[in-house]
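In what follows, chain A forms one complex with chain B and a second complex with chain C.
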Partner chain A sequence: MKYRRALRYALSILALLVLAPAVVLVALHMPAFGGQLLAYGATVNAHVPSMRQATNVVTAIIFDVRGADTLGEEFIFAAAITGLAVLLRGGRGEDASREPIHADGRQLPARSEAVALLIRWMLPATIAFSLYVMAHGQLTPGGGFQAGAMLASALLLLFLGDGYRSWRQVVPPVVMQLLEALGAVGCVAVGLLPMLLGAGFLENVLPQGQPKSLTGGGLIPLFNVAVGMAITGGFVNALVEFLEETRVPKEGDS
Partner chain B sequence: MKFAVAGCLILVMISGALVAFTRRPARQVLMISVHGLFLSMLFLLLQAPDVAYSEIAVGTALVPVMFLTVLAATRGGGRRNVPR
Partner chain C sequence: MLLRLLPWLAAAWLMAIGIYGMITSRHYVHLIGCLSVVQSGTYVVLLAIGFVWHAGPPIFYDHPPGTPAVDPVMQALVLTDVVVGAAVSALLLALALQLHKRRQTLDPEELEPVP
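Take a look at the complex of A and B:
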């Protein structure tokens, strides 16, 4: 045992001796902090806003210039959520129980009325803001992924304020599963739409619209909304799968 | 601006170290959330508002909730501990 510890120390010192100079070397050769635009960034900044009527170049890159990457990422996300559901349901059974069940012996702390009230004010505001972010993806910071994650966490506020039962009633998993699936299908449909018009996959051939308008950007807003739907549904489904894991089934409830 | 970035970096460093050094898992989850908040402030200052949005929604809300759920499930009372 002691021998092993000495070996571990020797190994860590050896690693430190090798890696520490490497870290210092890399740090010394880093480009200056901020203020430096690489060639790709300069090119994109020069051409994308006028070509796509999009003021948020980040979204334009994600959903148009490198849209195929985003499509792949979207399906990585969907596959991860599916894997999670398969893994957890493998141990638990297929059905998510419709009735939320309370585990025996776990204390249910009383909810503060102040928290419940605050959340009833904040919930609509957060949902409205996330929809705003989704709609203005090509104009202001944010986009489908951000809006989807925001919407999922906004819905989670309901769990915090009004409890698991109301959360599950207001946000039924079936709806969220449909939302995730429709979002994923929508991403592919957005890619296939230009092919119907005789262009390449995900080629932005739709009319680009007016600058600084909600409809500007051609395919970008559509792709944005599809990704937003898929992300919202995916996150909520993952949370439902995890939360089901903390519950004990009633008699006769699978 | 430079000082704001430096201050944020220091806050990120401190909160990151606190995540690693916190022993009780439930508190650690809360520290992850605080760390995510400081990280998103840093991203905002470094002119990456898109990333700040993602970080604040995923890092301070969704990931901690998932960790808390996992803690609740592994602490007993979950289905796995019920004889079938």
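Take a look at the complex of A and C:
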């Protein structure tokens, strides 16, 4: 026990000794804080708004200028969620249960009507806001990643307000698995679409639309929605897999 | 001068306490939390690189393109960082759960090598 801790500290100090000179070297060559824009960012800021009719340059970078990176990022996310499901199901089995957790000799607390009412007010508003953030990704702060995380949290509100059983009935995991898969397929399809028109992978050849309109940006809104679907499905699936860990499936549950 | 150093100091502090926590951690869930703290340090570094004094956000909706704006590339990198971080934390927590099921401990120093 003791030698293991000593070994751990020794290895950590060794790793820090190797990394520290690199960190110091980089730190000494950092650009001054708040000085000039770096060349890449300055170029993007100067040209992308007029080229793409997208006012949110950050979204334009994610879904257009560096679209291939985002495709990779989306698949890192999908792979992590798949790995999570494989790990947890590997220990638990494929059975899933719609029934809330039950411990012997312990009453389920009744659901508070105030909470349920509040959630029924907040849920539609949260879903509407997340769809708004998704649709306006290329115009104002937001985009598919943010909207997907918000939509997944909005669906989790249902669990808070109406309990596990209703949550599982309204948001069936199989639908969310399909949503995640369709979103991932959609991201690739958005990349392949320009190739059908004779352009390169993910090349933004669609009509760019009007500035400050929902259709502005060509491929950007399509990619945005595909990523939003994948992220929503992925987060809800992760939540379902973790929640399944807490319950014991009975015979005949689905 | 201090204001110019503050972002770097904040990032260095976040990374240092995160790495210290990871090295001395006695619980894997705590270790995953420390990893998230280190990652927060990288957000501060990236945003500080992109910052420009007296510049607006790189979103030209209510101010015309051409007005000074901070670096959008760094902000896009931070978004990537956040998404990958969330996914990796979820995966690591699943690993910790499986570990606890099989070995009944989450202390890195109590784990025996698999025979």
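Annotations
To be clear about the criterion, the second predicted complex is superposed on the first by the 202 of 254 C-alpha atoms of A that agree within 3 Å, B and C clash if a C-alpha of one lies under 4 Å from a C-alpha of the other, contacts with A are read in each partner's own complex, and residues count from 1 in each chain.
The rule is simple: a contact is a pair of C-beta atoms (placed from the backbone, for glycine too) under 8 Å apart; a residue touches a chain by one contact, two chains touch by 3 or more.
All figures in this text were calculated on a predicted structure; none of them were measured in a lab.
With both structures placed on the common chain, the touch criterion links A:245 to chain B and to chain C.
Of the two partner chains, chain B and chain C are each touched by A:145. Touch criterion met: A:133 reaches chain B, while chain C stays clear of it.
Of the two partner chains placed around the shared chain by superposition, neither chain B nor chain C is touched by A:223. Using the contact criterion defined above for the overlaid structures, shared-chain residue A:58 touches chain B and also reaches chain C.
By the touch criterion defined above, A:9 lies against chain C but remains apart from chain B after alignment on the C-alpha atoms of chain A. By the document's definition of touching, neither partner reaches A:167: not chain B, not chain C.
Once the two complexes are laid over each other on the shared chain, residue contacts for A:91 go to chain B and to chain C alike.
When both complexes are overlaid on chain A, the residue A:153 reaches chain B alone and has no touch with chain C. Touching of chain A by both chain B and chain C, each in its own complex, is seen for residues 34, 56, 58, 91, 141, 143, 145, 149, 238, 242, 245. Of all the residues in chain C, the ones that touch chain A in their complex are 4-5, 7-8, 19, 23, 48-53, 55, 57-61, 65-66, 69-76, 79-80, 82-84, 86-88, 90-91, 93-95, 97-98, 101-102, 108-110.
Interface residues of chain A facing chain C in the complex, by the touch rule stated above, are 1, 4-5, 8-9, 12, 16, 27, 30-38, 40-42, 44-46, 49-50, 55-58, 60-62, 66, 69-70, 73, 76-77, 80-81, 83-84, 87-88, 90-91, 139-141, 143, 145, 149, 212, 231, 234, 238, 241-242, 245.
Those residues of chain A that touch chain B in the complex are listed here as 34, 56, 58-59, 91-92, 103-106, 133, 141-143, 145-146, 149-150, 152-153, 156, 235, 238-239, 242-243, 245-249. Those residues of chain B whose C-beta lies close enough to touch chain A in the complex are 46, 49-50, 52-54, 57-58, 61-62, 65-66, 69-70, 72-73, 77-80, 82.
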